[in-house]
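One structure is given below, encoded as structure tokens.
All chains are identified by letter, namely A, B and C, in their written order; residue positions are counted from 1 within each chain.
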Amino acid sequence: MSFEVETDAYKGPIGLLLSLITAQKVDLWQLSVSELVNGYLAELECMRQLDLEIATEFLIVASTLIELKCRRLFPNSNPLEMDEDFAFFEERDLLIARLLEVKTYRDASTAFLDLMEAASKSTPRIGVLQEPYASLMPDLLAGVTRQRLANSLRRFVVLEPDGSVDVSHLPAHPVSISQAARTVVLRLIELHRCTFEELMDKADTRIEVVVGFLAVLELYRQSRILIEQESSLGKIVVQWIPTKFSTAELEDFLEESGFHLGED
Amino acid sequence: MNPADRAALSKEIEAVLMVSPEPLSKERAAEVFGVHDEDFKAAIDELSSFYSSSDRGFYIQKVAEGYRFASRPEMSSVIEKFALSQTHPRLSSAVLETLAIIAYRQPISRAQISSIRGVNSDYVIKVLISRGYIESTGAEAGPGSPRYYTTTPAFLEKLGIFSLAELPKVEGFMPLPEVAEALEASLFDGSY
Amino acid sequence: MNPADRAALSKEIEAVLMVSPEPLSKERAAEVFGVHDEDFKAAIDELSSFYSSSDRGFYIQKVAEGYRFASRPEMSSVIEKFALSQTHPRLSSAVLETLAIIAYRQPISRAQISSIRGVNSDYVIKVLISRGYIESTGAEAGPGSPRYYTTTPAFLEKLGIFSLAELPKVEGFMPLPEVAEALEASLFDGSY
């Protein structure tokens, strides 16, 4: 059995997901990772035990999706110096190459399975030396030390998982990028031009600043704002590119701009 | 039994003798090949005389427990040379691994050892017993209940230590055989 | 080598193959039989073709580390009946996929494997190591420098091939340009 994905964009076994994306039947950007995760957790509750096969498959697809979405949200590390189109092409090629690579090895591994199947049909003789020859065999432990014994055990040893999961980096209150973008846009309409610090003067926590920064980057990418920075680590100045937005249009804009990573 | 069936049976017997680590008894043969004792007997006698009369390096040997392939007695000098030759890379790493598992996880059964190593370990266990590094312990509760293996004083002596407590600590843990089996069952499709 | 010597050598080889717990390598053969590589090669080739052409239940199998007797593939059902516990567990797709990445990209580091698969692959790598299909190689340059993984002879054996050159060409599995285009279109059209 395989985990069934049920989101608005896609319904079906998760294993098909990537192949469907490659066949252009599912729009990656319409898939919500959180929906996917919720569905998976619900599925887990129904299963009596964790099926590792399903779990791995799920993790591969979910993490690929998350990475793809993050990359799209997170512009190239040097967005200001690089030609925007060029940066975009590079990101796109990387993603495609990566997906095609996974698909290639996955397909190749099915050929391995066939080879293994064929090879397993013949069984080797493990010869046995009988006495008096057996005792002639040199002592196979000659020169073995305690350390070598321990080393040969390592192959079978599983590293102790750290029982706790560090959640200190998680915000106590989730902040979504769309909320942050809304705040940034409203503030910029009011101020027109200001520094990033001024933009963030209401932020209490570091995570709010981080999310605010992501929102600024996203707005920049969508050509809604201009960003200037005189020197590296210098002050970032943000400027609104005036457009005539009604409040309703603003809502629509925020709705449409693909800020659905944070919460849906 | 018609000649074609007889020929097919002979091929099957040869294949099984080739991979069997122990002599093949006629009870086991009846079960595996699904034939009457006398048919098995006739087939194996025919095979035996075939190998005895052809000029090969091995023959079918009849021992108390059954039948097995063995090198011919006149090949003894080359077998001796083979036994004495120093390079047994595969066997020695298998021996070391098996011994390590027994040392750190004793007492442990044959099936548990094989399950941790992922391969049948019967022959290696036999080698370790014959060298006196491990022994099977505990009164068996009854037929069919597994034997458990532990290391011997000769093993400690070989490593130059006084007690198992002197073995180096291995970071992490070796899953209990039951856990290893469960993990394996879920990591590998299909059944055994 | 004259025909009589050749015949004697063949008999010796058969006898040793019969008792050897591991494949017989040509280095070991040179040591045990005291003959040149080419003489051993000629004798074992002759033996192999003899067993392949005669209608027996076994044959001489060539694996990465040398030669050994093995039951013929068509005997698999009786061997399975004989050794119920011996059926090989099937590897899961995660394990197989990782194995494929390592096979085609070796030597490859843990981080590179995880980056291709998009998920942490530590446990899967562990399983592959404990099954003996891959090993970590190369003296580490220092603490923190990555380990690299390569496949082992046991891996070749598991696939029934003799060398990595016999792996199916990875190019054969690369998606067609149409797939790449479709992927590109689905990933990047529209939503901008």
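By definition in this document, contacts are C-beta pairs under 8 Å (C-beta built on N, C-alpha and C of every residue); 3 or more make two chains touch, one makes a residue touch a chain.
Note that the structure is a prediction, hence the values are computed from the model and not measured.
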item: Most central chain, Cα average position; value: C
item: Of all other chains, the one whose Cα centre sits farthest from chain B; value: A
item: Centroid distance [mean C-alpha coordinates] between chain C and chain A, Å; value: 34
item: Chain B-chain C separation of Cα centroids, rounded to whole Å; value: 22
item: Rounded Å distance between chain A and chain B, as computed from the means of their C-alpha atoms; value: 47
item: Residue list for chain B, restricted to those that touch at least two other chains; value: 18-19, 69-70, 79, 82, 88, 91, 116-117, 123, 187, 189
item: Sequence positions of chain A contacting 2 or more other chains; value: 52-53, 123-126, 128-130, 133, 155-156, 158-159
item: Residues of chain A defined as touching chain B within the complex; value: 49-53, 123-126, 128-130, 133-141, 144-150, 152-160
item: Contact set on chain C toward chain B in their complex; value: 7, 10-16, 18-23, 25, 27-28, 31-33, 55-58, 65, 69-72, 75, 78-79, 81-87, 89-92, 94-95, 127, 130-132
item: List of chain C residues in touch with chain A within their complex; value: 17-23, 58-59, 61, 63, 68-76, 79, 83, 86-88, 90-94, 96-97, 99-101, 103-104, 116-119, 122-124, 126, 129-130, 132, 157-161, 168, 170, 173-175, 179-180, 182-188, 190-191
item: Contacting residues of chain A [partner chain C, same complex]; value: 21-29, 52-53, 56-57, 59-60, 63-64, 67-68, 92, 95-96, 98-113, 115-116, 118-130, 133, 155-156, 158-159, 258
